[in-house]
Every structure is written in C-alpha cells, then in structure tokens.
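The structures considered in this document are given below.
Note that chain A is present in both complexes that follow, paired respectively with chain B and with chain C.
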Partner chain A sequence: MDLFGHMSLQEEITNLFPMNLTSSGNNYGEGMQIMKRLSFWVWLFFFLTGGCAHRPDPVPSLSSSLASFQPRQFMVASNSEQIALVLPETLARSGNGSGDDEGNLNRVPEERMATTADPLESFQSSPEPPEKAGSEKTESKGDLQDEKEAGEEKEVTIADPLEPFNRAMFQFNDKLYFWALKPVVRGYNEVIPEPARISVQNFFINLAFPIRFVSRLLQADFSGAAAEFGRFVVNTIWGVGGLFDPSSSRQLNIPKGDADLGQTLGVYGLGQGFYLVWPILGPSSARDSAGLVGNYFLYPVSYIPPLYASFGVRAYEEVNNTSLRIGDYESLKEAAIDPYVALRDAYAQYRQKKIEARKGKSEPPKPGGVR
Partner chain B sequence: MKPLKIILASTLMILAINGTAAAGGLFGPPQPVSKEAGGLHTAIGYWHHQDEYKNGAEHVTRQNQVYSQLGYGAKNWEVYGRIGISDLKISDAFASTQASTTTSKNDFEDNWKFYGTLGAKGFYPFNKTFGIGAFMQGSYSFNDFRDDFSGTQAGASFSSQLRVKNLWDVNLGIGFQVTVPYGIKLYLGPYAYYSEARLSLAAIIPGLNSNTGNLRIHNETNVGGFTGIYVPLSRGFHLNVEGQYSARFSAGAAITYSY
Partner chain C sequence: MKRQFAGLSMLLLFLLVLPVYAGAPLDTVQADVNKVLDVLRDKTLNNEMKKEKLRVLYGQMFDEGELSRRSLGLNWRKLNPAQQQEFIHLYREVLEKAYIDKILAYTNEKIVFTKETMLSTDQAEVQTKIITSSKEIPIFYRVILKDGAWKVYDVFVENVSLAMNYRSQFNSLLAKNTPEQLLEILRKKVKGQ
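After this line comes the complex of A and B, so read on.
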C-alpha cells in the first residue's frame, strides 16, 4: 500500500489470488498449468490495457476490473481447448485459502459468490483433486445447481468477420507499443516517480466522471450515479483536483465504478455485434464503438482546443497509464499461443460479464474498498 | 527534529528569495492536521480578510479568498501549501484630494486572481490536553489586480487604470491549544505580520492618492491576535473556524481531510 492508499499491482494480484494457481493442481498435467497461466495473463492483460477502445474510463483500475472477475472459461482458438480458471473463492472453499481469504472474498459481489462455479468441472479429462472432492461434499445441491447454471453461461463468443483486418490492426498496435510507446514510457518512468504517475492517473480518472455519471443515469442506476457524483466532488475538492483518491479511503469508502456508454447499450439489450480492433485504441466491438462516440463527447479532454492539444493530452494520458503497467503485455505475449484470439475472447467475455452484472444488479454497489 | 529544521529553513529561504512569504487564510490549530504517523492532508477554505494600508492616506482593503490546501506533516510538524483565488477591494483608492479632479468611483475593485500560500508549523504538546506551537505563513498574489476608472481634471476628461502589483504578506505566530471532549481543539495566540503591495497608475493625475505612478503601500498594524476551533466531523473530515484581529477583523473556515 502506498502513500495514496493504492495497492501495487503485485499486492492487488496477491490479494485477489492468494494462492498460487498452479500449486493446487498437483494432479494435473503440466499442460493444464500452462493453460491456466495463459488464461490468467490474458485476463490480466485485458484488465490492464486502459487503451482498449471500450474503456470510457481512460485509466481503468485494475482492482475495479478484478472486482467484476467471475469464474469463467474461455476458448483459446489455437487449440480449441476449454480453459478453466481457478478463482480464490473456489480455493478458499476447498480449504486451501490463506488466512487472507475472507478479506478477498469480501471483494467479490454477492451474486458472484452465490454462483461460484467449480471451473475444474469443465476440464473433463483431468482427475479431480482429492481436497476438491472433499470440499464439494459440504456443498448443498442448490449451490451445485447454481454452479452448473453459472458454468452454462460462461461461454461468450463474438463474431469476427473482419479478422484479417483486425489481425492487421492488432499487429499495428503491437508494433506501435514496442517501437514507440514503450521507449517513451521507459524514459518517462525514469523521470517521474511512481506516486506522481499514480496521481496523474487519478486525475484523468476523475476527469472522466461525466462518462460514468451519465452512463449510470442512463442505466437507471441512480445509487451508482450518486456514488460517482460523490466520488467526483470529494476527489476534486479534497483530492486536489483529483490527484488523490480520498473517496477510496477506508473512512469514506465510496465505491468506484467504470460504467460507459457501450455497457449502457448492452444493458439496453444491444448485442456486441462483431469484433473490431481499432488502431491505437485497441479491442472493441460494433456496439462498443458506437459507445465510444458518446464517450468522446462526454470526456472533457475532447474539448481542449486546438484538436492536436486534445490528442496530445490523450497521448500523455496513455503514456502515463502504460507506465504503471509496463511489462504486462510482454508477459502476455510470452504466455499466449495466439494473443490475438486470447485477447478477443477475453474482451468479449469481460464486456458481457460487466453487462450481466449490471443487469442483475438489484442493490447499490457494495462498499468495501472496491478499487 | 532535523527534517523539521530543514523544512523550516527551506521555507524561509524560499520566502526570502522570492519575497513571497506566507499569509492570507487560516493559521489553523497549532497541532498538525496530518495524522501523527505522518501523512497528507487536504483542505478547502474560505477567508474574508480585512486590513488597513497607508501611503499617506489610509485605505481599507477587503479580500475574499477561496483556496485549496495540500499539506504533509506528522506528530509535531507540518508544512502546507495553498492555491486559491482572491478578489480585492481598496476603499477610496480613486478618491480625489483636489476639487478640480473628480472620478467616476472611489473604490478599487477587481475580481478573482490566483494566489499561493506556503506555511509551516511546529507543535509541542505539554500533555494530552494542552500544547503550544509556532507557525509561519505567507502568501503571494501571482496576478496583478487592475481596475479602470475615469473622471475629469480641470474640466478635461480622462480615463486611466490602477494596478495593484506584487501583493504579498508574511505572518509569524505562536498558538496555545487546548483539547476538549470529542476531540475539539480550541486555540488562540498572538501573531505578527507584514504585508505590502505596489500601486501603479497608468497616468499621473493630480489630486489622486496614487498619483506618483509607482507607490508602495503596506499594512498599518503589525501585530494581532487569532483564535479558532477545530472540530472533528465524520469520516476523517474536520471543520476549522478561525478569526484574526489586527487593524481589522478577518475570519474564515476550512474543511480538512487527513489521509
């Protein structure tokens, strides 16, 4: 935990995944462990890539993304194998959770805990770990039914009729990252200390308040809109224009959200459409691209004259955001067999989960430092 | 104590070199607002300031200041900075001393201009209830205040502009504090201060107090007293209300949040 109350990336991951994912799978093959790692990194990358086109929030919080994390499977098309991801709550249930499990479980919304699936069930070819089998005996039939239902709704696919174009854009973005962005970010990291970069990130997150606020209102999530408004007021006034995030402190604990107009369209029932990779902006979909237009007009930076100044600010924002997650993309590329497919499926599932979570939401965001 | 000395010395040097000493706004309780273990605090505040200046004739000045504060401190020391906006009103700035000169208005008025404040304080607790502290605080207005006026001089009409440049002040004081139930802190103490500015008139107009073109004005009284109350609110917020009296009475309030 740093001076600003933010957890480092490592701390966040450690808290949310208190156990080594591979350690509980001693009875599984090495390939299984590799695939689990791959699935983890795919998700990790997705959550960390603030430049993704779907994000209205210019600098999405890792923790807020992980807060919506659910047990899931997704396809890695390169080998068409179902990958299951072990979640901390599952591990905690099986008695393998660390002492910090309770705190971590509190981060997961209740509905997700209720529908926690055993993701290992889907891996039919693997033997079941003894401790896992033991823990299942203690679960009620209702729980198992919930898990089954949750498992059935895991698969989310997105059409990709423009795959050649998308792959080209993916390559373009990849080269842009390695040839342009990364060298700049490295220099930036050398000059600007991390607390200052976090403050800059906080500032831009706070600045994107209109996107989240309007989206919440359009979703009829009035308590969420009130929370957003409260966060904005507190962080602007007592956070020195948003440089600090007192709203996330233990005392105030105003929940952080990351609603956007693409999500709002999804809540209205609009499907994702087809997959689309925008140059520079990254992964998106037809629906989320439409949302991007609205997000553009709701983001105050868009109104900085002249136009190139606005783009300059956005570029700086992206450099700053990337500086706080440099190295993650490299890890993804090393771990993934086909990063394009992994990212595409992860994107589709992540967006779908966010919309489903919003649709099924019947109460205000739970306090508890969801960051 | 070594860091405190360094910070105080640095602050003094900055103020001495730039002439941007501190002032303007609440002094706050002698005890640091930051948490004892060390940490940041932020605040927003409003301050209504009144003072008397003289440059031959006396002028009453009034300022309304709104500011945002960021500070860092620990158990016995604290440094802070403020950025705010302030208006300025100087009474009788355009008043004529000659019957042949008339002006369209008497008072100088200009609206919000940016200013900054730096401050540092040290605190020594006698026990859980009583304590004493010392502080230094100074302000500097980054922008000139300007006001246009017109009139007639010996039958000929004129128009001109008065600028108030380099408005700054510095305050030094000692505060005594008592902590009463519910964590409420009451404090009072004496302080000394100095404030000055330069008046610049675009055209020399006979009969006006500011007719020398470039005139330095400063505060008439250099000592005063202050008292205040610091009340804990919920969720880490505190309310600070304070009054100061020297030549005139000034008062304000701030809401602070400690990280």
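After this line comes the complex of A and C, so read on.
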C-alpha cells in the first residue's frame, strides 16, 4: 500500500482540487452577484422606461413613444383587423400634417369600432336612428372637420320605440321619487347616522354576492369570480355578516366590482335592444330586463318566505341606498335640458362601458407596458 | 454609416416625441385640479369670489370650443358662426348652473390621479377618482393638445361622457327644433331656476 503516495495524492486533492473548487465557487458567486445586480438595474431601467407607459417618467423618449402607440392598440386590440387599421392612422398623424387627410383617415377605424362594438345594437335600433345615420353619412362627406368630430367618440345610442310609454313611466318614477321616496329617505337620514347606513348598504351588497359570482363565472372571468368569493368570505366572517368591508381595507385590497346577468348577456355580444323604463325599478333595456329576472332568482332576499316581506326588505334596501346618494338624481335633472333623454343616455353609456370593460377583461392579457 | 443612420433616427425620434411631452396630460390636469381645490379650500373667499376665480380657471382648463362642438356633434354645422358663439356662451352658463353648487360643496374629499392613457398623439385620457365616505367616483378627463397646452374637452363621470350626454339631448331637441329655438331653450334654462 503506497500510503504516502496516497496521502500525497489526497493532499494534492485537498490542496489543489478543493481549493480550485472553492476559488472557482467564489468567482462564480461573485459573477452571479454582479450579474444579479446588473440584471436588477437593467430590469429597473426597463421598468422605469417601459413599465409605466401611462405615467410620465424621467425618460421621456421611450415611454412617450410607447404611450402614444400602445394604448391605442390596447383599446382596439379586441379585433386584430382593427390593429392594422390603427397603424396607417398613427403613421398619417406623425407623418404628414395635412389636416384633411388626417381627419379622413382618423375617421375610419373609429367608425369601425363603433359599428363592430355592438353588431346587434345597430340591428335592433328603431327605424328612426338608422335613417338619421344614413343622412349624416351622406351629408358629412363634404365636411371632413365635422366627420372627424363625429367619429371621435363611440356614439352609444339606444333605440327607444316605446318612448311615449317610457316617458310616462319616467314621470311616474319621478313623482314616486319626489313624493314618496325622498320624504321617507329624509326622515330616515335624520334618524340613522351615515356610518350605519353605509353598513346596511355593505350588508346588502354582500348579500347579493351570488349575482356577481355567477355572472363572473358565466363571463369566464375566473379571477374576478375568485375575488368576489374572497370578498364574500372575508366580509361575512370578519366583516360581521357583511356589515363592514374589510376586503377593501388597505391590507387586503380585494377589488370591488359589480357584475350582473344583463351585463353578462352584453359580454356575450347581445345588444341593449331597446330602452325600457319600468315603474319603480327605473331605467332598463330589453336585455337588462331579461337579466333582472335572473338576478331576482340569484338574490337571497327574493326567498324570504311571504312575498310581501321580501318586497318590504327590498324597499328598505332601496331607501337605504337612496339615502347615500340623495341629491344625485336632482342634480342630474337640474343639469339636463331634457331629463328623460339625459337619463336614457346616461343609462346606455354606463351599461355599455361596463360591458366593454368586462369584454376586455375576459380576453388574454394585453402586451406588457400598459396596465 | 449604419451608426450615423442610427444616430439620425434617434434624433428624429426625440424630435418627434418631444412636442408631445410639452406638458404631460396628467400633470396638467393635476395642476389645474389643484388650483381649483386651492380656491375651494381658501376660507378667506366667499362663494361669489370663489365662483369668479373658478370661472377664470375653467377658461384655462377647458377647451370650450372643442367641448361645445363635441356636444353638438354633426349639428354644430347647422349653427351659423354667431349662433355657435352664443351657444358656447350659453352652454358654459348651463354647465356652471348645473355643477357650481356641487363643486362648491367640496369638503376635502380625496382626489386620486390614477393614470393617463394616450388616445392618439394629441389626445389623452387622465383617470382620477374622488373618494368619499361611502363610495369612489371615477372621473376621467379627456384632454387635447392645442397650441402646446393640454385642455379638457370632455369629462367622464362614472363612465358617462358629459359631451355625449348633452349631445343626445341636443340631437333630440334639434330633431324637432331649429338652432334658434335651441338657443332660446338654453336662454330660458340659464335665466330660469
């Protein structure tokens, strides 16, 4: 046995190899650290420049070029064909400055957006508006300036074939509000302090959880459904049966949302149909009325045994909700030149925007940079 | 050669991009809103003085012509220039009457500026929220770049566009009335109440 030789070999190994290992290990570790540090700075740089395109930041060039191009695509990305349409427009805007061409090019994608947004809506609209739209189109050919104006916004219109009936119902609800609901709410406000009323509202919102949860599921918005579920559990257990809203606290911050079945039908692509004002229930549409029926069955209050008790609870809920936004209807009415039309338009716009937001949500995530 | 080209294109990029950043939309709106809040918080002023100051700020913050045009849509062209001027004037008064009390009722609610989205090279949306005790109200400002300044041309309250809401009303009125009659309705609206 060559003990010495073996020893020397081991010595050699311990002297050289482990040394080498450790030294190379050190080098490797240092290299890793440098790499990590470097990648952190690279990451930080990209975060600052590209990550927050919506927010002005110290590096103007990259972020603003992102800002001017990306959100546009983000907004219309629901249709790949539209992205292609956006490009010539942005090019035209940055490229040539001749106003007329710009307006003309500008018009195209936005008009497309308006028509593709809701195929059923235009189909279902009453005989009057299409006629108008037709005449507008032929007229506006001569005037590019006006064409541009009209094309800037997606016009949300709702057909109103039952206008005489709706106006009558509007009047009825108006009187109901000023003669019955408002005096009751005033008295209620005198007796019950605001924090308590907010708690009552929280309680009813929490109770309506099934409507939102089922709607989110039907919209294939699973993260939204999970958030709703989380809110419900947290607010029911730690929020004393829903009286408080710990989910919205800074620590948890689970986003509040609303979803209902009418909205779900909208997400499926069903247009609003026509405007419909229900007595007591207020503004609605053909589509949302169908949704209301479903919502009724998903709302636990509907199952309180005698029917009148269930209605009583809903009436109380309405009184309480109104108590927290008393004056809103008055100011809408005061600001309006034709309150009926103002309310109709506000309803149509409000519902439409919610649905568009939801449609955007259920799609695959957008390219980075825009949140 | 390649490097030169790269340098040139970088320069071009900067040149193209800089005018857009003449004043970032969000910063402009935030500064304007803060000016309004300063007036509202100023306890040395009475309501009349506040109104006077707010009118001046409104003129600085809003592009009234643009807002009026958008509120009339295609019908804008049906008004002759004199009528258009009167419309702008009356519309301002209608808006003032409708919203001044709400604005003066401000009691230190928190206003948060959440984000800015460029809609095109000269238009942007600035999203804000008013947080009250019982709810959050989203308010979005649409701004347009004109002569190097960002000016508000539309306001979305809870996703409802002010200009579009009025446009629907003006459209329905102008379907049955002449522009002159519309102005008369507005005059009455301003005088009455």
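Note that in this section the second predicted complex is superposed on the first by the 208 of 371 C-alpha atoms of A that agree within 3 Å, B and C clash if a C-alpha of one lies under 4 Å from a C-alpha of the other, contacts with A are read in each partner's own complex, and residues count from 1 in each chain.
Basically, contacts are C-beta pairs under 8 Å (C-beta built on N, C-alpha and C of every residue); 3 or more make two chains touch, one makes a residue touch a chain.
It should be emphasised that the depicted structure is a prediction, and the values quoted were computed from it without experimental measurement.
Participant: Considering only touches as defined above, state whether A:Pro246 meets chain B (first), chain C (second), both or neither.
Facilitator: First partner only, chain B.
Participant: Figure out whether A:Ala346 sits in contact with chain B (first) or chain C (second), or with both, or with neither.
Facilitator: In the superposition, A:Ala346 contacts chain C only.
Participant: Between chain B and chain C, whom does A:Val277 touch in the aligned arrangement: first, second, both, or neither?
Facilitator: neither
Participant: First (chain B), second (chain C), both or neither: which does A:Ile337 touch?
Facilitator: Only chain C is touched by A:Ile337; chain B is not.
Participant: Quick one: is A:Ala259 in contact with chain B, with chain C, with both, or with neither? Answer first, second, both or neither.
Facilitator: A:Ala259 sits against neither chain B nor chain C.
Participant: Taking the superposition as given, does A:Ile237 touch the first partner, chain B, the second, chain C, both, or neither?
Facilitator: first
Participant: For A:Val156, select first, second, both or neither according to whether it touches chain B, chain C, the two together, or no partner.
Facilitator: After superposition on chain A, A:Val156 lies in contact with chain C alone.
Participant: Which partner, chain B or chain C, is in contact with more residues of chain A?
Facilitator: C
Participant: Is A:Leu181 contacted by the first partner chain B, the second partner chain C, both or neither?
Facilitator: neither
Participant: Check whether A:Ile198 is in contact with chain B, with chain C, with both or with neither, and answer first, second, both or neither.
Facilitator: A:Ile198 contacts chain C only, not chain B.
Participant: Considering each complex separately, which residues of chain A are in contact with chain B in the first and with chain C in the second?
Facilitator: none
Participant: Which stretch or stretches of chain A touch chain B in the complex?
Facilitator: Listed in rising order, the residues are 3-5, 237-241, 244, 246, 249, 251-252.
Participant: Which stretch or stretches of chain B touch chain A in the complex?
Facilitator: Residues 39-40, 42-44, 68, 70, 235-237, 255, 257, 259.
Participant: Sort out for me which residues of chain C touch chain A in the complex.
Facilitator: For this pair, the touching residues of chain C are 13-14, 16-18, 20-21, 24, 26-27, 69-70, 73-74, 76-77, 94-95, 97-99, 101-102, 115-122, 133-135, 154, 158-161, 163-170, 172-173, 175, 185-186, 189, 193.
Participant: Could you pull out which chain A residues touch chain C in their complex?
Facilitator: 54-56, 60-61, 64-65, 67-68, 71-72, 74-75, 89-90, 93-94, 106, 132, 136, 139-140, 143, 146, 149-150, 152-153, 155-157, 194, 197-198, 201, 324, 331, 334-338, 341-342, 344-346, 349-350, 353-354, 370-371
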